[in-house]
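Multiple structures follow.
In what comes next, subunit A is part of two complexes: it sits with subunit B in the first one and with subunit C in the second one.
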Partner chain A sequence: MAVDSTYRPPREIDWTGIGFAVVLTIVIVFPLIVVGLWAFADVWRYPSVLPQQFGLRFWYQTLSRPDVWESITTSIELSVTVTLISAIVCLPAAFAFARLQFPFRSLLFFSFIAGQAFPKFGLLVAIAGIFLSLNLIGTFWGVVLIQLVGTLLYMIWIPVAAFQGVSPRMEEAARDVGASPLRVFWSITLPQAGPTIGAAVLLTFVNTFYETEGAWLIGAPAVHTMPILMISFINNQPVIQYGAVLSAILWLPSFFALLFARRVISGGSFARGFGA
Partner chain B sequence: MSLAPASDIVGTEKSRGRLLGLLLVAIPVLLVFCMIIYPIISAVVTTLWQADANGKVGFTLKTYQFFFTDGYSLSNLWLTLWITMVGAILLILICLPIALYLRFAKNRLAAYVQGLAIFPLFVPAIILSFAFIRVLGPNGAVDLLLNAAHLPKIRTPYLTPMGPLIGLVWDHIPLTVLILLAGLGSVSDASIEAARDVGAGRLRLLWHIILPRVGNSILVALSFSVLGIFSSFTIPYVLGPAAPEMMGPFMQRTFRDLYDPENAITQAVISFFFCIAFGLFYVRSVVKNQRAR
Partner chain C sequence: MSVLDIKGVTKQFGNVRAVDSFALTVGDGELVCLLGPSGSGKSTLLRMIGGFETPNSGSITIDGEEVIHLPPERRPTGMVFQSHALWTHMNVFKNIAFGLKLRRIPAAEIKRRVDEVLDLVGLTGYGNRQTHQLSGGQQQRVALARSLVLEPKILLLDEPFASLDQHLRERLREEVRDIQQRLQITTLFVTHGQDEALSMADRIVVLRDGRIEQVAAPDILYREPATPFVAGFIGTMNLIEGEVKDKRFTHSNFSHPLPIADGPAIFAVRPEALTIAPASGEGTAKIHRVTDYGTHGLVDLELHDGTRYKSMVPEARDWRSGQPVTLTPRVYSAYRNNAVAYRSS
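Then we have the complex of A and B:
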């Protein structure tokens, strides 16, 4: 049998592909377009299929609401604080896991996956029970702590892979010609591991920005992040456009993640991190 | 990522490395123990050892007895189990064909399909919930289109059990597709060509060659969706019915609105119990994968 008796005949119309593309476009893109239309609809009354009048009226109105600004600053403050602490705490640990030999190294490395064996919200309630006795409920730092725990796994596992990807030979060569360990780290290790670590930091920031459950369970009623304001807009706000405009603003961090992290996610290694 | 011996890199500074290594990992490890392992143990212990009417602390199943005799708690549990089961099965039925298609098609259309299937990863659950209401809610986009075509309106799934079911399936499509696709990577082109050469049809190919090799990935994807759906909060809270409600919103309401942490933590332990088999299997697969690399 010849090798070129391929099971994929060339230039056949890919009906399966067309089917998936059409269905997925309707199911995934169409709902988001509807939200986009609402955000720019100055007037959209039932039963018109399209808005009667487009414009930016509700962008001005939404952006002049104090609760919107309060939630934007709170969300940014929280995400920056959590990402910074996470980086300070996790990156040296990731370096140690990748490069140093110490007792229980493997066990400690895999301890970070422990939380994944439990349904997340149940775990949050168990933590909240402890926070109750520590008076951390309804405080900014309580939310920081609970969101910080959610970042540990990826902020350690992804950078460990990055540090292990750096060739030890180059580092040895640098040390042989007399470079100090710090100098080696700064000039050889960091530039090579940097992009992957950058992606981990970006993903941590974005995930923290959208973290709703911990912020709501621990932070209410004092801490209002953007996703929490969005929930209250959905439940209590009769003006649909406010929610639509807030959705559009809220989507921005995801848009940046989409731009920078898509390659990382489409590659097989990301899915394998989820146990595939 | 394999955790290979580091000694060849560390060289002679072994004893210094041991202490330094432990110091560097101390804070994150401490966080895991204080914020994950301790709360779980504490949740189990505090719900099983409680003070009775005389103030004497002892073993009791009081809160569990309440949960399993309370009609409302039980109907919440059934609703959650139903949505979790149907959702996890639906996800496999929807995502396996997509993953199979993506595994074998290599054209530009396939890249577009893959992009779309992964896209929900970049749509936060709360935006999805808003979009859901604007499309499938009362007088939503679907109603507008049906009305323009002089057809009757749909019976909206918003605020019914179908609401969270649809929303959660939508939300879990990307990772399910990615996990299945990674599993399908282990099916070699050569084995498929060999089977075709001896005359195997599409169905037999799927049944005898492909499915046996992705069985494990299907179980991983199932476990991942079960864990995610069972204790989801945002989507059922926004899209689901007020009563009965899913375990996520139920725990939240018991804890924050009813100020009843004891029963909320009992509900959490019951959720752990129902998910533990899936959770352990999932974690085991992740660990196995990490070690293999």
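Then we have the complex of A and C:
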């Protein structure tokens, strides 16, 4: 009689896992579906479960508004500027934190968490007071400055972990075969830390894009970013669809970010950025 | 054609002297092992030669040229690290070619030299592999190839096989020795394993607390250890501490003629040179345990004061624990003041 050479234990059903999956799906996916439905609903009246009429009417109406286009441009300009400046300032700082010993190193390092640890709004109001006297309120660069504060945590803490993750032996091996310290940084350290730093840049960009508190407090009334426009749509318009369409457009950066993450960044190094 | 000359090198970490007035000359094409327990300063010494640590004082010359002020990238040394330290974002070919590219060597020449060195380490055709696709032994071979391809004057190996299993370690040991002899490359090899040192080295430097205990060829080191530390570190040695009085050494109820002046001494005898015989009455020692290795047996002996020593016997089954025996040292030596005071035969 032929005997199956490999024994397979009976497969158990992981009810806990299924439970989590169902709850997460309801919490995350369901609201997305509702907003998505609203965005494409030309007519949707109580008590119908689904819209009576699908269409792009509100897309045309929303996209024909000049303030919507202006806010898209503003948001992209702001996020790109903030991410770039943050990278230029924070990455060398992160390298210093990871590799050099200097006085008050830990104190400085932990100070970056302060911006996230305390209620942000109080901090923002205090900064707004200072910006008022500097004539930065309601200006593009005022918003850039305030949003930079929010990016420090991602752009310093994650790259520090990335740089610390690069083995000093690897760098020494490169010195040994003839590479100068600068060359070692470009050819060994940066490529090794690259994927994780990519994750930090991505997080910074997306978070800046969605940031509302600073953009509203410092930017109002002149600077309108997309999320702020959406809030005002939701607050001031009786038509739900405007807000829904705008929020659907707002998904785009996240969607592209996720695609990029899947292509460029392996799961492992992405997780390493968060100390996993 | 290279000679490494180290003179009076001292390295201090805080209050600790990791390396203390170290001096050594390594001849052309010689393989010298630095052997010592962890913390003996052997790795620090190697890193100073490679340029990764700066000595507080002393001089290191290669072919008569002082290198102590040169950064690692300008020294004619090649180092293989314990953790192999391959660059995981490059494939095998790129790892080996990196140093050649820095030297602006034409691509065709780089290809030829990388293929040549891959042949040498037995990895022909592995150029396109990613480093994580290699086994531990293969990774270490790539690391060796990465150093060898640049034809360094001095090859430095820092416990390169420490992370490999016993079987693989023995094979790589022989391969590295073969390659080293074929290329006639002057090599300094750090290890804490005496097997590795005894099987590979032309000469062994035994280090302890940053100082040289003894420099000698492997056969001399085993048969004529200069200090009790070397005697205990290389192979197994019974070191019996006692007193000499009237040309006779005594410890507990063990006693043997020893023609040196009165005073304290350490009596040293290898297990294979200590013969035991069944005793009537209580004997000199009692057998504590017998271990059977098939080819031979190892007997743990206990003197009356409880101190334990070892004796090697041809047949383990002739002996049983609890049995009283007499001891006869055939070849032995004695140490006093950390130096040899007497050697038999």
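We take it that the second predicted complex is superposed on the first by the 225 of 276 C-alpha atoms of A that agree within 3 Å, B and C clash if a C-alpha of one lies under 4 Å from a C-alpha of the other, contacts with A are read in each partner's own complex, and residues count from 1 in each chain.
Keep this in mind: contacts are C-beta pairs under 8 Å (C-beta built on N, C-alpha and C of every residue); 3 or more make two chains touch, one makes a residue touch a chain.
Since we're looking at a predicted model, the values are computed, not measured.
When the two structures are aligned on the shared chain, A:43 is found in touch with neither subunit B nor subunit C.
Number of subunit A residues touched is higher for B, counting subunit B against subunit C. Residue contacts after overlaying the shared chain place A:145 against subunit B, while subunit C stays out of touching range. Judged by the touch definition given at the top, the superposed model places A:220 against subunit B, while subunit C stays out of reach. Judged by the touch definition given at the top, the superposed model places A:239 against neither subunit B nor subunit C. In the overlay built on the shared chain, the residue A:174 is in contact with subunit C alone; subunit B does not reach it.
By the touch criterion defined above, A:188 reaches subunit C but does not reach subunit B.
In the superposition on chain A, A:80 contacts neither subunit B nor subunit C.
Within the complex formed with subunit B, the subunit A residues making contact are 1, 5-8, 14, 16-18, 20-21, 24-25, 27-32, 34-35, 38, 46-49, 89-90, 92-93, 95-103, 105-106, 108-123, 125-130, 132, 145-146, 148-149, 152, 156-157, 160-161, 164, 168, 171, 210, 212-213, 216-217, 220, 227, 230-231, 234-235, 240, 243-244, 247, 250-251, 254-255, 257-258, 262, 265-266, 268, 270-276. On subunit B, the positions that touch subunit A within their shared complex are 1-10, 14, 17-22, 24-25, 27-29, 31-33, 35-40, 42-43, 46, 97-98, 101, 104-105, 107, 109-110, 112-114, 116-135, 139-141, 144-145, 147-148, 170, 175, 178-183, 185, 192-193, 196-197, 217, 220-221, 224, 227-228, 230-234, 237-238, 247-248, 251-252, 255-256, 261, 264-265, 267-269, 271-272, 275-276, 279-280, 282-283, 285-287, 289-290, 293.
Subunit C contributes residues 50-52, 71-74, 77-79, 81, 83, 85-89, 98-99, 102-103, 143, 146-147, 150 to its touches with subunit A in the complex. Listing the residues of subunit A that touch subunit C in their complex gives 167, 169-170, 172-180, 183, 187-188, 191-192, 194.
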